[in-house]
Amino acid sequence: MGGRLLRIGVTVFPGSNCDRDALYVVGRMGAEAVELWHADPDLKSVDAVIVPGGFSYGDYLRPGAIARFARVMGPLEEFAKEGGPVLGVCNGFQVLTEAHLLPGALLRNTHMRFVCDRVRVRVETTSTPWTAALSPGEELTLPVAHNEGNFFAEPGTLSCLEDEGRVVLRYLENPNGSANDVAGVCNEGRNVVGVMPHPERVSDPALGSDEGLRLLRSVLVGAGV
Amino acid sequence: MPETLKIRVLVRPKAGILDPQGEAVRSALPALGFGGVKTVHVGRLIELEVESTDDVDAMCRRLLSNPSIEEYEWEVVS
Amino acid sequence: MGRAPSYLELSLFSVMWSEHCGYKNSRPLLKRFPNQGRRVLQGPGENAGVVEIGDGWALAFKMESHNHPSAVEPYEGAATGVGGIIRDILAMGARPVALLDSLRFGPLSEERNRYLFREVVRGVGGYGNAVGVPTVGGEVEFADAYSGNPLVNAMCIGLIRVDDLMRSSASGEGNLVVLLGSKTGRDGIHGATFASDELTEESESKRSNVQVGDPFCEKMLIECCLKLLGEGMLVSLQDLGAAGLTSSASEMAASGGVGIEIETDRVPLREGGMEPWEVMISESQERMLAVVEPDKAEAVLKMAERYELVGAVVGRVADHGDLRVIHEGEVVGTVPAGYLADAPVYEREVVRPTYLDEIPSLSPEDLPQPENYNEVLLKMLSHSNLCSRRSIYGQYDHEVGTDTVVPPGADAAVMRIKGTKLGFAAAADGRGRHCYLDPRGGGAATVVEAYRNLSCLGAEPVAATDCLNFGSPEKPDGYYQLAECIQGMAQACEAFGTPVVSGNVSLFNETDRGAIYPTPTVGMVGVLKDVNRHSTPAFKREGDMVVVIGKGWRSSLAGSEYLEVVQARIAGRPPEPDLTAEKEYSDLVRRLVADGLIDTAHDISSGGEAVALAEMVLAGGLGVEYERVKAGLLADGHGGRRTDMALFGENGASFLVAVPEERWDELQKALGGVPHDSIARVGGDGIKIGNLIDVGLDDLREAYERDLFETHAPEGGHIG
Amino acid sequence: MPETLKIRVLVRPKAGILDPQGEAVRSALPALGFGGVKTVHVGRLIELEVESTDDVDAMCRRLLSNPSIEEYEWEVVS
């Protein structure tokens, strides 16, 4: 796609609350931010999609359980199956697992508390569009803020994720009881990535760090921009 | 060792009290292609294995339910 | 009104004139607060105060109490408290961008208090986190006086363009009144009157009308209203709080000098069979009332639908000055809106309580001097009133919005404003014990604390909001405390040029165990012209010189934290705040930060100099060492006083700052005649004060970084 | 209008799947003086009023439960 400004969509569900943060950061990435309203079954020909954090539908029933049925999800699933880069952050990660675009599920934090903190994570694979610009084994300090970040997958699935190198980020200090300290995973096609930490919250030196921006900008590298 | 009883506790929002979860699910259903659902209420299911039922009611009152907004019922299921 | 009111009209009066809405007892006293200033765009009287902060931006902010609801049902009480204050900010047209919470509980040794504390914190987080407004600060204290009567004060700050300010006054005969948000149920019927009763066994049974919050709906309400305002579709906007439609409609009408007619059968209801009076006073949450021009009504309702909200035209603006309630085409109640909005006021005689003369005076001579100051320091740092608050704010999303520059943990939070160099800081403070020992001095000290905390970060304090938490004003002691605290606060706000632009009153905070400490809480906001020029308490560089500025060594143990924690006594009269010195030194520290001379500052407050130093060590992970010579000086208490007084005494008007050695001369010049003393150096792996204190970083952390909650506490339930 | 059926859906964590809520309740009980409780599991109670039961199972599978971590059962209660 050469020099063309990349269009990155950000889905907005009722109750999403990191959508504006994501749209802002897409601008800082040097891409064009496109709002994708949950009720419009239209991805507006974006080149990549971020499913942002928040409390879609209040996290009622189960986080992501209702949002995954939103009209925008149809085209999003198509886009994902065709290999389009999709990043789910926090609640976005939960939505993508509920939609079966990513394996496993995110359970209640074992300590039963909402956790808002900054944690160290290790980049486990750089062969995804969202980590391509990082170095393998690199350590990042990223913010987490969630009630249900405790990644679970059947033992079989989990070992398969490990064997296929589909654990994308791993906690160096586990904030929620997550299996194998998993902080992020990708799908078989490696184009769909879900992470509990919030890269968009550390994408600005004014906020003390832009490690998140480096992660997010990977998608531009991947796209050869 | 004493054989244990299986207890099932159902906790639901008191009548008249706002049930945001139930309301959110109900209003979402049509969009998911599920019509004809009149009301939805979401509560908690708690299953216990106990040695005796003596304390069960007290547990429900003090810990398992919040009497200010919830009502509960319990039964021995086995 | 020249005739006997109907039952419906009576219920309107009863809810509107109850203290909660009408400020019967406090209104005359509130007049003492200064409320003017060059930055003030909106003082008291609207849903929130508004101050201009530059570049065409303004901040709308207010603090509100939800004490009684939280005592009965802590999770929902706290949650709906947060929801309510957010809607006050929204009503001004501002986007809510920050929350703070000011909390008081009985000692954590009691199970009931642990339960209230745990569920209140969960409630604040449960609502704030979901609605997507970061909780960036607050404060919490534990004392017997709050057992069974917790205090839950929530503050919200909103950001708005000066030109976009919204008001609540209705206008335009024939304009339509639209109700937006959630359906109306029997929530909190008579809750407004209940909120001003003393808590009794009997009120425990009023639980059935507990209000439940729905942060999801609130989030939709925020986005919907901001969109409607952005597209200029609203004439005026008002939140529904205590007394529901009744207070909102009558206030909108009264302030606009018009009348409003409400058709109760047009209000979307959650349950059948609600009487008109129930509809009028229902306190169902997540609702806003808007005045809309007829031709825009349809678009407004469409917008509500887009945001999955209930929207309905429920009435119209009329030229008569009445609030008229219409049911099935019949007028079932008519009350002049002004009557409702202006409750009668009581002025009472101020009588000095005898307890003040019975407070034991403090003669340090008969206090035993501690043997081991390492133990004393650790005991102080691990005390529930001094230890880290991380286990609280770690449950609050304090980063959503990506504007939090200085998160909770410092003296105040700093927020940026995207697209500008501007920033603002906010802090909430209260000093219950001090106000109990000396209401006027304590009232002033409360404002002082907030002023100092903002200045530490380099922010210029511009205005304040407050929450007046007191016992019964119908008892002489209670009224005296109320009057005197207000006097002290007013004097300080006057001296500092920080007008009080909004506030809230919560009286009758009493249980069968007696009244709470008089606890006015103050929320203050300050401006940073360059948000990157701020300081924090954390030590940042080995070798920095640590300088005490102000009255550090003229400290006292009277009513101090040390006296209560270590000597187990509550006695003496804390030193009178020196408002002139407080302002002079605070302003100086702020200039030092703004000029880029220092990036490390902390005020000496609860726990005195030693605790303040330890906090700076803990925040930065770098140790500190008193220079030997000076240590001697301090050992005899900075000139002949007791060691414990020198280490842990409190006085105020004092700060600790740190600078690289090469800037020491520059700093001294800048300090000029202001009393200061270079006392220590950053370095080592702990806190070392001569031969008195030597504690390693790990021990400090273990004492300070305490988890204030039980581990794995289950959700909800009703314990105790 | 068609008369409605009351449906009760019980959703519980699959056997062997970590149940932080149940664990939290269990570990809180002794402190409250409730002994002899062997196991505690916390799940969800969902009560629906529907016109027909045709869709109920699909709703349970697709929305009300997450089959990868939860199991469900439902019955007509009236």
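Just so it is clear, A, B, C and D label the chains in written order, and each chain counts residues from 1 on its own.
Basically, contacts are C-beta pairs under 8 Å (C-beta built on N, C-alpha and C of every residue); 3 or more make two chains touch, one makes a residue touch a chain.
Nothing here was measured: the structure is a model prediction, and the numbers come from that model.
Counted by C-beta pairs in contact, the busier of B-C and A-B is B-C. The chain with its Cα centre farthest from the Cα centre of chain C is D. Separating the CA-averaged centres of chain B and chain C is a span of 36 Å. Between the Cα centres of chain C and chain D there is a gap of 40 Å. Centroid to centroid, with C-alpha atoms defining each point, chain B and chain D lie 8 Å apart.
Separating the centre of chain A from that of chain B, both taken as means of CA atoms, is a distance of 33 Å. Multi-chain contact residues, meaning those touching two or more other chains, occur in chain D at positions 20-21, 23-25, 28, 32, 44, 63-64. The set of chain A residues touching two or more other chains comprises 57-58, 60-61, 66, 69, 110-112.
For chain C, the set of residues touching two or more other chains reads 214, 216, 308, 712-715, 717, 719. Residues 72-73, 75-76, 182, 185-187, 207-208, 210-214, 216-217, 270-271, 284-285, 308, 714, 716-720 of chain C are the ones touching chain B in the complex. Residues 17-18, 20-21, 23-24, 44, 63-64, 66, 68-69 of chain D are the ones that touch chain A when the two sit in their complex.
Chain contact summary for the complex, chain B toward chain A: residues 20-21, 24-25, 28, 31-32, 42. Only residues 125-126, 129-132, 214-216, 219-220, 306-308, 393-402, 404-405, 416, 418, 531-532, 709, 711-715 of chain C touch chain A when the two sit together in their complex. Of all residues in chain B, only 4, 10-12, 25, 28-29, 32, 34-52, 55, 58-59, 62-64 touch chain D in the complex they form.
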